[in-house]
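You will see subunit A twice below: alongside subunit B first, and alongside subunit C after that.
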Partner chain A sequence: MLEATGLMVFYENMLALNNVSIRCGENQIVGVFGANSAGKSTLMYALSGIMLDIRKKEEMAGGERITLTGSIRYRDQEIMASKSSRRARLGIVLCPERRRIFKECSVLENLKIGGYLATAAQAQETLEYVFKVFPALTKLKSRLGGFLSGGEQQMLAIGRALMAQPKILLLDEPLLGLSPLMQAMLMHATREIRDERKISIIITEQYARPVIPIINYAFILENGSAVLEGTREELMNNPDVRSAYFGI
Partner chain B sequence: MDIIIYGTINSVALALYALGFALVYGISRLPNFAHGALYVLSGFVAWSALNILGINYLLSILLAIAVTAIVGSVIYQFFLIRIRGMEISEIIATYAIALAILEGLRWGGFKGMTYTLPPFIEGSAAIGGISVDYQRLLTVGVGAALVAFLWLFTHKTRIGLALRGMAQDERAALMLGIDSDVMAVVAMGLGSSLAALSAMLLLPLGNIVVESGYNVLILAIAVCIVGGLGSWAGAVLAAFIIGFAQILTAVYLGSHYQMVVALLAIILTLIFKPSGIFGQQKELEERV
Partner chain C sequence: MTTGTHQRRKERIDRGIKVRTEGIYALMSWRELVYLIMPRFVIIVGLLVAPLMIPDMYWQRVISIVCIYALLALSFDFLAHQVGLVSLGGAFFVGVGGYLSAVLNSVFGFAALLSIAVATLIGGIVCTLLLLPCLPLRGVYFAIVTLMYPLFMARAIEALDILGGTDGIMGIDSLPSAWMEQYFIIGMLLLFLFGMRRLVNTDLGLVLRAVKDNDQAVRASGMNITSYKALAVFIASAIGCFAGASLVHIYMWAGISTFALDFSVLPIAATVIGGSGTLVGPVIGCLILVPVSELLRDFGTLRIVFYSLILLAFVVFRSEGLMVYGQRKYHQIERWKKI
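Coming up: the complex of A and B.
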């Protein structure tokens, strides 16, 4: 469904992504694991097209020179040059690291802003679905985004991304800084979203253990390169991966 | 009593000047120094439609607002889009556009004190023993209605909500498929039509002169800086503070000090609270 081949991203001369190829099939959950600065967020920005905007802004401000090469195919369509708004319209929606909630808007308004691309009927239906998957948000409808806890913000961020009617959802470190209980709840909800909405999901995380039960396939990033890939069982049986990413 | 009435009217006028500027800056972080020029331009468009083309007054007003909105959008789409993010260039470019519009109008023969728009309604009412003409009362009414309309627009409509998302976190908005350039064009169009609307309400109170373009710009910037750049609520509050301060100075010191009040307000704000009245949140973020 989504296939990136030979992705290279340079910040000036620093290589952030080195010839990374990843793919995600229809209705799959794919994990991308790697330590801090392994290139996970850069990969997500490259897939969602945000990198093009960052590059343009840096260019305008005379900052870092960002180089981006490779190919991203989405449903037999080359989208490497498409802007993020076009990719979102096609169904590639990023739920960013650190959630980036609209702090001065209420929960309901955050969700409605997420529904910018949706028709009125789709927005209404998805809104109801979001409150069904994350019942905790129902009570918080009119609270400002800035006053939510980390877990509530993450639920809202995923809900907001769902409002944009994604076909493939990119979750960038959704479990960052959350309690184990909240992590388990979110992963359960993620699987439910995949099953009920028929959405493919790519999920990045530093620590793979909470994510591993729900993924079909995974890639391991190290220093900007995809060093290893495999199904859940293959990774579980690899002793290096077990010690580095699962802590067992 | 007259201080309260004239203070309110003056404050509403300032709020009308500033809202368009605050809107554009709040959404696109674009300081639109052509704001005052668009204000004057709309006045002359309305005057020309009324006196040269001989169109009905209401239609002339609508035409002026539409033309100004289009000019604003075109300025963004064809000039400012190339220099987005370079703040100094944005200021220089918008100011250059302002000069081109204003001096172009002057060169085109629009100078002197002969250009006026008629008030919508003649006559005046007495409030607490002070006579206030209907045009000024109408300005206050429309000003209040406009604030209510803007609130509804930004809280209830799809585009309005998207504009607010863009204003708070541009990158997050991009991820949801909201296009920053489309939103900036919408914001410029809306901000320009607000400039035109305020011109239509306030110009009948005096002459249409090219110089007022510069004054409107300075007043709008003063209000926005005191209120906290980009904050709409702050702009309204600051309009009342500066508006009343101006009337008080006019009464107790002399009316030629009015402009000094606005400039003094900018200086004092920048010394004591650079982020303005409603800038606390940003201040906190900067500290973190």
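Coming up: the complex of A and C.
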């Protein structure tokens, strides 16, 4: 469904992604694991097209020169040159790291903004679905985004991304700073979303343990390179991966 | 893998000479010394020689005005990009400094140089005290308050008919001689310019930059950010007051037009063109903008149209600013590299 090959990203002379190839099949959940500075967020930015925006901004401000090469194919369509807005229209939606909630909008408004691309009927249907998957949000409808707890914000961020009618959802560190209980709940909800909405999902995380039960396939990034990939079972049986990413 | 051995990217690397001159090794060869000193040398000598090269009285006056604006731009750049306070108060600083110096000179009979010095100091204190209430606030408040003060002062002087009212204060002493006037202001500009560059690299400059980046973290480190901001505002407003005081002695007249918003807006435009946060950039921006605006006088009212077009072009095509661009070209080389 989504296949990136030979992705390379340079921040000036620093190589952030080195020839990374990943793919995500129809209706799959794919995990991308790596430590800080492994290139997870860069990969997400490259897949969602935000990198093109960042590159333009840096260029205008006279900052770092960002070089981006490689190929991203989405349903037999080359989208490497497409802007992030076009990719979102095609169904590649990013739920960004650190949530980036609209702090001064209420929960309901946040969700409505997310539904900008959807038709009224789709938006209404998805809105109901979001409140069904995350019942905790129902009581908070009119609360301002900035006053939510970390877990509630994350639910809202995922909900907002769902409102854009994604075919493939990119979750960038959705478990950042959450309690183990909340982590388990979110991962459960993520699997439910995949099953009920037929959405493919790519999740990046540092710590693989809470994510591993729900994924079909995973890639491991180290210093910008994809060093290992495999199905859940293959990774579980690899002793290095177990000690580094599962803490077992 | 289909990826590209045929693909290329442009690589930026520091020139070898830059890497060497960053250490003490600069003293080892003339070439490296020249590399280090050349940019500063061009500015210093260029400014010092300019009045000699241009015998025309009118353009000599323009050079003085360039320096006045450059000082204002310097103070704007320092406040906006080193401390994070966007000030629209150039006109306020000029007006306060100008009127103070005018009063000191014409009423109390201070000599011109002395009244400039005293006006700089007192003006800085007065501006800081008046701006103190909005210093603890973040965001746009500082800009609004600094924009209001010059409007307020101009109308107050007009309505209350104080300080000479609409006629202004006339008969102010000029500086002792024309050459002295010319070189006094150029010398002070150079002094302030290189002084500020030193200042932002001291510990104080570091704290101020930290206040700009994350004031809560600075507060958490046990520092009183309001007093640091007040100090920065004092430095910037003193520079502005100095510019105003000098201006008044050049024109030998202080009037409501010293509170004109030109003094707020043009320095900001110069900062955009020159490259924000570089301190030298705004000076270079003024060196370009003020003469251009004089040259465009032939076009009458169309002047503003051309002026705006030049500004627009800069913002759209070179928004990083001349100085940032120039520094990069000077210190780094670019070359194509295979991926």
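Everything that follows uses one rule, which is that the second predicted complex is superposed on the first by the 248 of 248 C-alpha atoms of A that agree within 3 Å, B and C clash if a C-alpha of one lies under 4 Å from a C-alpha of the other, contacts with A are read in each partner's own complex, and residues count from 1 in each chain.
Basically, contacts are C-beta pairs under 8 Å (C-beta built on N, C-alpha and C of every residue); 3 or more make two chains touch, one makes a residue touch a chain.
Everything numeric here is computed off the predicted structure, so don't read it as measured data.
Partners subunit B and subunit C clash in the overlay (superposition on subunit A). In the superposition on chain A, A:Cys105 makes contact with subunit B only, not with subunit C. Contacts of A:Ser48 after superposition: subunit B is touched, whereas subunit C is not reached.
Within the superposed three-chain model, A:Leu94 lies in touch with subunit B and out of touch with subunit C [touch as defined at top].
Look at A:Thr67: by the touch rule set out above, it reaches subunit C but stays clear of subunit B. In the superposition on chain A, A:Asn19 contacts subunit C only, with no contact to subunit B.
Ranking subunit B and subunit C by residues of subunit A touched puts B first.
By the touch criterion stated above, A:Ser84 is placed in contact with subunit B alone, subunit C being left untouched. By the touch criterion stated above, A:Gly114 is placed in contact with subunit B alone, subunit C being left untouched.
When the two complexes are overlaid on their common chain A, residue A:Arg197 makes contact with neither subunit B nor subunit C.
When both complexes are aligned on chain A, the segment of subunit B among 91-99, 181-189 or 199-207 whose C-alpha atoms clash with subunit C is 91-99. 60-61 are the residues of subunit A that lie in the contact sets of both subunit B and subunit C, per the superposition on chain A. Those residues of subunit A that touch subunit C in the complex are listed here as 5-6, 8, 10, 12-13, 19, 21, 60-63, 65, 67, 69-71.
On subunit A, the positions that touch subunit B within their shared complex are 48, 50, 53, 57, 60-61, 83-85, 88-89, 93-96, 100-105, 109, 112-117, 160-161, 163-164. Of all residues in subunit C, those touching subunit A in their complex are 1-4, 7, 9-13, 275, 319-321, 324-325, 328, 339.
Within the complex formed with subunit A, the subunit B residues making contact are 83-86, 155, 158, 161-162, 164-165, 168-169, 171-180, 182, 281.
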